[in-house]
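Letters A, B and C name the chains as they come in the text, with residue numbers starting at 1 for each one.
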Amino acid sequence: MSTIQYRVSELAKRFSLEFKGDGERIIDGVGTLSGAGPSQLSFLSNSKYSAQLATTRAGVVVLNSDAVASCPTAALVARDPYVAYAHIAALFEHLPAAPHGIHPSAVVATGARVSATASIGPCCVIEDGAVVEDGAVLGPHCIVGSHCTVGAQSRLVARVTLVTRVTLGKRVLVHPGAVIGSDGFGLAFDRDHWVKLPQLGGVRIGDDCEIGANTTIDRGALDDTVLEEDVRLDNQIQIAHNVHVGAHTAMAGCAAVAGSAKIGRYCMIGGNAGVLGHLEVADRVTITAKSLVTHSIREAGEYSSGIPLQENRQWRRNAARFKHLDELARRVSALEKDKTDD
Amino acid sequence: MSTIQYRVSELAKRFSLEFKGDGERIIDGVGTLSGAGPSQLSFLSNSKYSAQLATTRAGVVVLNSDAVASCPTAALVARDPYVAYAHIAALFEHLPAAPHGIHPSAVVATGARVSATASIGPCCVIEDGAVVEDGAVLGPHCIVGSHCTVGAQSRLVARVTLVTRVTLGKRVLVHPGAVIGSDGFGLAFDRDHWVKLPQLGGVRIGDDCEIGANTTIDRGALDDTVLEEDVRLDNQIQIAHNVHVGAHTAMAGCAAVAGSAKIGRYCMIGGNAGVLGHLEVADRVTITAKSLVTHSIREAGEYSSGIPLQENRQWRRNAARFKHLDELARRVSALEKDKTDD
Amino acid sequence: MSTIQYRVSELAKRFSLEFKGDGERIIDGVGTLSGAGPSQLSFLSNSKYSAQLATTRAGVVVLNSDAVASCPTAALVARDPYVAYAHIAALFEHLPAAPHGIHPSAVVATGARVSATASIGPCCVIEDGAVVEDGAVLGPHCIVGSHCTVGAQSRLVARVTLVTRVTLGKRVLVHPGAVIGSDGFGLAFDRDHWVKLPQLGGVRIGDDCEIGANTTIDRGALDDTVLEEDVRLDNQIQIAHNVHVGAHTAMAGCAAVAGSAKIGRYCMIGGNAGVLGHLEVADRVTITAKSLVTHSIREAGEYSSGIPLQENRQWRRNAARFKHLDELARRVSALEKDKTDD
């Protein structure tokens, strides 16, 4: 399928890396250390895989200077092999070119403004007051609601919905099924029934953010919900209204942040972790998978909640004891007191 | 953008509130206490924000009688300021008027019945035997499957899918990506493989319910899955087949209810909380975020499970001890017995 | 609505079951023991419902030989009544016949290959290099991306998105909102920002798999994400890149599996359970609801984590003690040491 080809020496030059071995070798793809063939490039960044280096059949391996001596094939030497590999691998990605212009099946309101260099796919719907900037690509079935803006070079892969008052920065990548700008969940209880609070804010997504498949980001009640630049959200994440996420923070699949929480910069939120509403989380905080943040976190560091997995019968006995843990602690205190009284 | 304007005295009259201060002041929007300007209305319902009242620049503030004296601007006095604010704020919401009729790009089966006062947006698909009642609004990309009914004045914001045998009451609001009436997850294990159980029931959603973005509600295996009136579901909630949710119950984002569970009226289910299958939860039960309901709950009250968040190193030590909690309890019992034997 | 009818004796013959009682009785539907009427078939497979047998008004009941004597109506005797019922009930499912051919509103690329016996619904988009095989049915709003294949007799109910390099086997059933083949979440941290790793692999789904509503399955980074045959996924499940799921494994709603984890055959993963990345789970492992798999599991069996639900005040006291559990254990050790020293 591929006709993309680079010499090892060309890759070294392009990414300012040193190379060892056969610089003339032709590379036409990438692969794992164990799976790559002689025309493919691989990488070693995790020492767990060091043993695979000896037997790799890859044409060239990206690795750090410590590993060069053990490399049986050509090598590209990088300070951070994983980052260097990420840049190189991008050369070998086949993204079908998106044709400029609007597919005939798309429905574009007369009050919408779509750049001539944007690409609007089949069955897209662009509503009044929406703006799609230069080079933006909308795959099939995207909906850009009223007063939404898709920034330059952004890409909505397919079936993305921007409801209303959503602004995407430049180079934002949104995966299928994501819903951005839906109503925040705001309710007032009036004696015996709920009254809905209108959600009058919007959503602002910074440059270079990525939003995963089926992720939902609600618009603010009064002010906006905000993701600063380079925020990376995996699939099925829920961001409630008026949340603020600092730049370069990444969240793994199924994480959820409740209303008006403020997450710092450079945080890492683990899979299915949760943050309660109105809390603040400092910069450079890591939350491990499935933990629930129940109070504000003022200091960088790693935080956890939850219980380790055990064989079910053993776990049942321990879990049953948890229900009386306070009593157990009191009994220990009593024993200590007895001891002292002796 | 807005040209909606009310005098303070008009708002007081319309919502039967007392006003203090300048009744002639013109209000054209709403905002937070700290952000609202002189032509905007704000509210004080949470005493945490009392300090902001002194310095607010809002044109008028909705508050209760205790706070009137501290209000530096016009005031609207309400028994429940949050509820009063919800009603007033709705006046300032700009919902683009939905045109009556069927968009030319929509696909409506000849056997479907669509009211002349309904609005069917671009690329909607209405299948045979479906009914869309008076004043219902379907945004772009909605699918109304066979034998589904969308009740009067209901609104499917965009890209909502009703699969089959789904009945929505009146004034139901459904957000993008929601799937209602998908197959329940019913399987029988036949020696070495799974056999699917056909899902022959439907879904009934009561009047005034709200269903969040990317929420899924499966149809029943034999009987229907039911949400009574005024049930409020946030985003990414999963309701399995044959679940029954009582009136006025609200669930926060990512909650999940397993098959045939029966949740009472006026319950509050926290974010990412879960309810196991076939359980019953009484009326007026609150489940805190991320808790798992593992047994039926017979009495109103607040219920929780889970572990508090801690710094990771500290947490690891405690979590490791949990694996031997039963043994620890036995050791305490032994010490107590020794004591008694002394 | 139904005109599907079978005599009890016909059902017995068709499914090789013994019958007792009136073989001439006409059956035109199925129902629960408590709800079925005289022309409906019901079943008893769970002894919890035995008491309902005495008063059932069903025309015939599928049950095992032990229960025949207690059955007040005609009976079909099966080794596994639930499996037999699953097969019989399928006769009474009304799936609207899908017309062969491509709906005029669908957009099919010239480079796509669609079988003449396939059915492509309204607003579907089939991209270049995609293949739809014999008898496959795509409901409205499905997207089949470049280099995706929909196997023979597979059914995409509605609004399913296959992004790229996705291969579905035969008879695969995918529910609305599912996204298969979205980018895996691969990022390298380059000093002060994220660099995306291109996701160059695909997804392979085996024969007879079922994928729930709004479930997401990412494509692999280099190799493929794989579901072997007869894997059953409920709604809102997240399968990350390069996960491998063994044949006949079933996962309940909202479960999530992180990158490169390998799940065995015949596993049962409970609702909202999680598996961390790069772990291995043996065959025939059951994980209970909301548990987090934090280490590889080498042996078949049932595994759990988590804490039982309690009334909130009681829970708070116990949870507070958990934060000092390590210290408590040390105090118990000290008491034991004192005892020994005595």
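Assume a contact is a pair of C-beta atoms (placed from the backbone, for glycine too) under 8 Å apart; a residue touches a chain by one contact, two chains touch by 3 or more.
Because the structure is predicted, anything quoted here is derived from the model rather than measured.
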item: Equivalent interface positions on chain A and chain B, same or different at half; value: different
item: Cα superposition angle of chain A on its copy chain C, in degrees to the nearest 5; value: 120
item: Distance from the mean Cα position of chain B to that of chain A, given in whole angstrom; value: 26
item: Contacts with 2+ other chains: residues of chain C; value: 105, 123, 141, 159, 177, 214, 236, 254, 272, 306-308, 310, 320, 322, 324-325, 328, 332, 335
item: Partner chain C, residues of chain B touching it in the complex; value: 105, 107, 123, 125, 127-128, 141, 143, 145-146, 159, 161, 163, 177, 179, 182-183, 185-190, 192-198, 200, 214, 216, 218, 222-223, 236, 238, 240, 254, 256, 258, 272, 274, 276, 286-288, 291-295, 297, 301-308, 310, 314, 317-318, 320-322, 324-325, 328, 331-332, 335, 338
item: Sites on chain B touched by chain A in the complex; value: 29-32, 35, 80, 82-83, 85-87, 89-90, 92-93, 96, 103, 105, 121-123, 139-141, 157-159, 173, 175-177, 208, 210, 212-214, 230, 232, 234-236, 248, 250, 252-254, 271-272, 289-290, 306-313, 315-316, 319-320, 322-326, 328-329, 332, 335-336, 339
